[in-house]
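A, B, C and D label the chains in the order they appear, each numbered from 1.
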Amino acid sequence: MNALSNGFWPVVLTVYTPLLGIFVLALIGRAQRAGWVNVGCAGVSFAASIWLAWAYTVHGDIVAAGLRIDALNISLVVLNALVGLSTALFSRTYMLEMLSTRLSGARGVHGLRLYNSLFQAFLFTMLLALTTANLGVLWVAVEGCTLSTVLLVSLYRTPEALEAAWKYFMLCGVGIALALFGTVLVYFAAQHVLPNPAQGLNWSVLYTHRKQFEPTVMIIAFVFVLVGYGTKVGLVPMHQWLPDAHSEGPTPVSALLSGLLLNVALYAVLRIKLLVDGALAGTPSAHLAGHLLIGFGLVSLLVGALFLHRSRDIKRLFSYSSIGHMGMITFGFGLGGPLATFAALLYMIVHSLTKSAVFITVGHATHIAGTQTIDHIRGLIRTQPKVGWTLLIAVVALAGFPPFGLFTSEFLLLGATMHRAPLLAIVLLPGMAITFAGLFRHVQRMVYGPVPAGQTPVRANLWPVYVQMALVLWLGLTIPTLLAHWLGQATALVAGAPLP
Amino acid sequence: MSGEVIQSLILILAALVLFASFVQISRERLLPAIHAFAWQGALVAVVTGLIAATGHVPGLYFSAALTFLLKALLIPWLLHRLVRHLKLARHREPLGHPILTVVLAVALVIFSYWLVLPIVAHSLSSTRNILAISLAVVLLGLLMMVVRSQAVAQVLGFMSMENGLFLAAVSATQGMPLVVELGVAFDVMVAAVLFGVFFLELGEGGELHNVDRLNRLDETRDGDL
Amino acid sequence: MNTAGIAFSVLQGLAYVLLAPLLLGWVGKVKATLQNRRGAGVLQPARNVYKLLGKETRVAHTASPLFRITPYVVFVATLLAAAIVPLLATNLPSAAVADIIVVAGLLGLARFFLALAGMDVGTAFGGMGASREMMVSSFAEPALLMAVFTLAWSAHSTNLAGIIDHQLSDARLLPSMLFALASLVLVAVAETGRIPVDNPSTHLELTMIHEAMILEYSGRHLALLEWAAQIRLMLYGALIANIFFPWGIATRPSLLALAMGMAAIVGKLLILGAGLALSETVAAKMRFFKTPIFLSLAFLLALIGLLSHVILESGG
Amino acid sequence: MNAMWTLAGGSLVLALASALSGLAATERRPALLRQLSLPLFTLAGLAALVGGLWVLGTRATGTLQLPLGLPWLPWRLHLDALSGFFLALIGLLSIAVGIYGRGYVREFENGRDSLPALGFFSGLFLFSMLLVVLAGGALVFMVAWELMTLSSYFLVAFQHEQAANRRGAFLYLLMGQMGGVFILLAFGVLASFAGSFSFAAMRSIHLPGVWASIAFVLAFIGFGMKAGLVPVHTWLPEAHPAAPSHISALMSGVMLKVAVYGFLRVIFDLLGPSHWQWGVVVLVIGSISALLGVLLALMQNDLKRLLAYSSTENLGIIFIGLGLSMIFIGTGHAVLGVLALLAALYHTLNHTLFKGLLFMGAGAILHSTHERDLDQMGGLLRRMPWTGWFFLIGSISISGLPPLNGFVSEWLTFQAALQAWHLENGLLRALIPLAAVALALTGALAAACFVKVYGIAFLGRARSRHVRRAHQVPMSMRIGQGLLAALCVAAGLLPASIITLLGGVPWQLLGTGLSPADAQSWLWLTPISKTAASYSAPLVLMALLLLFAATVIFLRRGAVRRVRRSDPWDGGFAPPTPRMQYTAAAFAQPLRRVFAPLLQVEEHVTKSPDGSPRYRLQVTDRTIDLLYTPWVRAMDRITRYIARLQGGHLRAYLGWTLGALVLLLWMVLL
């Protein structure tokens, strides 16, 4: 109870400010101010998340207002708030120009109102999904993510956008339904064990009794959850919605999708995996869940890598790279063990920082070139050095080069692989090489070379990108003790064993 | 009434739910499929009510009513209007491989029974069977979305998946915490509205008759490799 | 190293300088006799060199300073290489200064500069000569090294003195020796620009190699180059003679031994010269693009020699 | 101890400062690059040189922990004789490059390429190389390694308007990254047994046989890729010519050596006692690289490309030495192993010196004529004499001719190879002589190659107008070359002293050294014994000079002294024009005919606009067709096939989901 009174306000502020933002922004339609209000809500949420981090470090786990903050989600919550804020900053000016060019007059204003309020809805549902203590609410929140993003993706009302949104909605709707079935099965396995079935969906309660659950039901449940939420993680072969949604939706939305939504979905899978591992412990198939994750991860890595070579659209390109990266992370969690788990957690954070930065830069690049087709984007460094170099450096970071953070996690991940399952390196190595080649063969042509006719510099606000890249650089050089502490605890929770 | 009677009654109703899914898959025209869907919703609602009666779970009465309103009345009515509005009522869509489809459907049903067989612990067999049925309904809904190329038919498939979920949620587990029902309800409602929006948007092109025409976004065209 | 040793080394060097023209003259004389000509006297090459030394030196406008230092470099390098190869006695300090690899290296240095000088003036002939010379040498040099390694391997030493001592101590007729000898002879023929690889007495541009490179030289420069070529011929002669037929070479720095050594080497060189003349009369200059066959034969022989030694005679 | 770290750390800090100050050299104050960044670069090199020599001299070792990295995996630096040697090597060349660069970058100041990038990544490049050799743990090693690849990539892509440079840069980065992953996996194997990523822990454990071999193979592939060994050398001839010349000098002269360092560190130091089978692999690969490298170099007409291929050759020679050393160590002849190792280290030093010098010479030619094609050059010796004479020294050294340094290391390698009679194993006894043969052939071909380069570029008459207008390069560039040329001579004259200096490395790696040299150790080089082989470079040079003087004096007497200038002999026809000279292609033609089977020769005769036929010659190696193209094709096919996954049909997508679900359910319940 003491913890409650301590952590109550920061949690509530962090999570529910965006909820407030939804309605406020739905009411005010006036363009400029709306943009600032959007930024303001995200800012308040971010500030509150900092406060929350402080509260967490002081008091440890926080349970308040049906929300639960522990080692596993604290860093993700702060990350969400931060990326949300920077994306809001980016989209304030960007969306104004885009909507004024893409949509005509009244629809433009309407579209802006819709965009802003849905943006907040998106943030809110993600934060809710991360913080809630209840698997049912988790599911509802993820569903809410889907609904809000479907509308965001279809914002431009072009035939492609509608098609993308339709496919996105269908695939993820089905996925979500399967995930719910999995959740039902978890409850089914739990109800007779728990003292009070009314709490049958409270994660921490389930976690305490996880050992007594019926293993068969749990593994079936896990399959449903994996396929269901996995659809949103973008695991192959349920990934097909991802490139479409990324390429047709507004760029800030792509940034949030790649940067945050995939993480959130994976987080949901992870929560359930903890229960399943507990139930399966001792049975002959103790690591079954992990093996499923490894399989999905490797397949996603390879397929994502190969698709990089096919894509002709810059945003599709980076969405495929997201598939590959999520594959790596999934692989890391599947591998298990402290080292791999730590690497995967770090990977989640750094990847979302980098990828959202990349997408913001890509937004400017497409704005410069007036198209998303890779073949028509050339010589960015000559046209607008700021954008060109930023894109190049960000992609370098994305490709896992030091001194950027992704390198550290890939280093640890490969090390762990050689330790636990050396043979898998045979798959990992070509996967990484193909990914790398696929990224650079396109990016290099876009940033280097002479300027094609008709490319002119644009007004670009890259500060969010600089901040995020600076963070990525920082994480690559050294990991602040606080974050290391959190990740260490989270590792102990997920892997069941502390770090060396 | 005594427990066994009610149990068997529930089982019969569940079987009817499954039958409704088969009907939806095999109908060539839309309106009969929508009617079958409405019936399915009604059956699920009745099952919920029965379980509420036997298990003395007052919360379930509420969700039973909710289900009946939504699944049996509101959404079928919406879809009905939509179909008329878009003049799809007369449109026939014969299945590509009817035999194969039915075989697949039956296989899925058997599969879901095989799946729940190992679940032996702590639950009377009827629960297990209902679980199997609801699983089968979910899978059949998914199958329907795969085999039917009409947009509305796919929506029906989606909705009947929800029916299966709901059936599992209420019957197999004697009612889950209320949030889930609320969630499902909310979800279904928004979904229906969304579908409406999409249909109105997509209505112009012939995509509604055949979703396969929605294939502008693909990677199979040759890039520069 | 004592003063006497140094003195003897210098003496040996002088012997090379003075005897080299005579050896060439002897070869020419024998050749003429075999061809039923009277031919020039044995002293003719020496006379040529002396005369050239007196003549005026011409240098092309287009020539760079390198063109003018080359004759000195070539002469000095060749001479030093020769001084390292034991002629009269084995345990001289000059032989200890460096080993056979250094000899090959010094010859290579001379060749390097000669080829550059050939390309310096900027006429077609020079480049042609340089190109062909480098092609020939790039086969001949490894062959030379291998042939010597075969011996060094069994002698456990690359110092020529050491090799010769070993040969003296236990001279056995081994297949590797035969192969090495054969390849060394072929290499010598190629490197000294004799028939069938090159024809020292022709000035037909399309066939010449060595002559093409020094085409632009005259006067004392030409004299030095000719002289260096003669020393190189004698060097190879001494190498073959003293390594494979070391008998008679002085092992102690005493005058008597040296005199004996001198007699011995003169005799051997006379025989070798005669043999060379004979081969040149019976053989004909081959087309340039046939020479790789000739050279790869030398290469192959050396290789077989080395391997047969390693495999057949694997006595440490 | 502290002084050591002050110097090493100081070099790191200075390199970083050079990078940052370079970043400030924008359009408004481009001179900053010359006036601040490059001097700092030189200072960093100086600090590294002194520090390295200090460590090498005192044979001190030390470890330093930086406040970077993960809490439980910090960045640890380690300094010992091995890293000291390479530290000094890097420092040495960086000094020269820093001086030389001041003149060279002047031409970029009014160009369109961004100077800040040049300055920043040059400094970063130096920093990362220094960090690699200072690394005391796998993490910091890999960070520095990848950073090295990355920064040099940006330098290769510096002039990115030419498509060729972009292609080269991409290939370079791709192969560099793959190599990095291989090395990383090797470290992963070591770490998984050592339980820690620190070198100290890896050194302390002994791997089971098969794992050791796996680690060796991974490390050899990884480092071989960076070292440009055949068949993974493909990036080298593409990337090195693309970079600015002083950077090419740095890449060829030092970066490849960093790969050698990594190899030594992992195989000799961490992996513990090496098997002779590994040595055989290294020996064979080294020999092939040496031969193929020099052949391809001989066939090139682009000066910088030629030098790049010759780097492959020299790295091959180095690895021949390393392979011999591994064989001897593996068969229990530690002292011979030391000899071979010293030969390899000596050649490492030499290659740094003369390849740096030659690339600087090429840069000087490029700077004053903007020409890389040999067939356009000629007669440069009289137009830029300093560069000409320095280049001559470099050419003699790289051709392995006495009395310069290249000869010493080849001599040592020969001596090591000739000790194979100590071995019992018949295979080795037969194999090692073959390696010696390959080495001999390589040496001879290298001589031919550089006769061609020097004769075509610096001698004869100018073949094009802009070469005729070539001018002297700035003083700083001449100083840079002169420094290295002087060092080439020094390293050729004092081999014994240098070897005693290098002795610390084998002492640290193998715990033994050569037999103590006798009284006049500086004069005599007698690696095995006085009777076995001896070489006294000073005496040879002295003799050469004496004889030279004697000859000159002798000729002074009597003979006509006057030298008359006249036209060259025209064979009785029209006076020769520059176009009549032998070209580079013509020079190599005989050898091209002989070695045609090993090469891929493409000759085209095209009509130029003015109707006269043009002859174009392109000689590349077969490895690309044999090893690379099939993979690219296969991947193309695979991607086309897998693209159907994204066919655009929603029903198919849903079908995938259903299939995946059913399949998994079936799997988990089996």
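The criterion applied here is as follows: a contact is a pair of C-beta atoms (placed from the backbone, for glycine too) under 8 Å apart; a residue touches a chain by one contact, two chains touch by 3 or more.
Fair warning: this is a prediction, and the values are worked out from it, not measured in the lab.
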item	value
Smallest count of steps, each to a touching chain, taking chain A to chain B	1
C-D against A-D, pair bridged by the larger set of C-beta contacts	C-D
Centroid distance [mean C-alpha coordinates] between chain D and chain C, Å	36
Inter-centroid spacing, chain D versus chain A (mean Cα positions, whole Å)	44
Mean-CA-position distance for chain C and chain B (Å)	99
Between chain B and chain D, centroid-to-centroid distance (C-alpha), Å	69
Numbers and ranges of chain B residues touching at least 2 other chains	115, 118, 142, 145, 154, 214, 216-217, 219, 225
Shared-contact residues (touching 2 or more other chains) in chain A	166-167, 170, 174, 178, 216, 220, 243, 307, 309-310
Interface hub residues of chain C, defined as touching at least two other chains	none
Interchain contacts (touch definition) - all pairs	A-B, A-D, B-D, C-D
Complex contacts: residues of chain D adjacent to chain C	378-379, 381-382, 392, 396, 399-402, 407, 411, 414-415, 418, 421, 426, 429-430, 433, 436-437, 440-441, 443-445, 447-448, 451-452, 454-456, 458-461, 530-536, 539-540, 543-544, 547-548, 551-552, 555, 558-560, 562-571, 576, 578, 580-582, 586-591, 593-594
Residue ranges of chain B touching chain D (in the complex, touch as defined)	108, 111, 114-115, 118, 139, 142-143, 145-147, 149, 154, 211-212, 214-220, 222, 225
Touching residues (chain side chain B, partner chain A) in the complex	115, 118-119, 121-123, 131, 135, 138, 142, 145, 154, 158, 161-162, 164-165, 168-169, 172-174, 176-177, 179-180, 182-184, 186-187, 190-191, 194, 198, 201-202, 205, 207, 214, 216-217, 219, 223-225
Of chain D, residues touching chain B in the complex	636, 639-640, 643-644, 646-651, 654-655, 657-658, 661-662, 665-666, 669
Residue ranges of chain A in contact with chain D within the complex	166-167, 170-171, 174-175, 178, 216, 219-220, 222-224, 226-227, 231, 236-238, 240-241, 243, 285, 288, 292, 303, 306-307, 309-310, 381-382, 385, 396, 399, 401-403, 407-408, 411, 414-415, 417-419, 422, 425, 429, 432-434, 436-437, 440-441, 444-445, 448-450, 477-479, 481, 484, 499-500
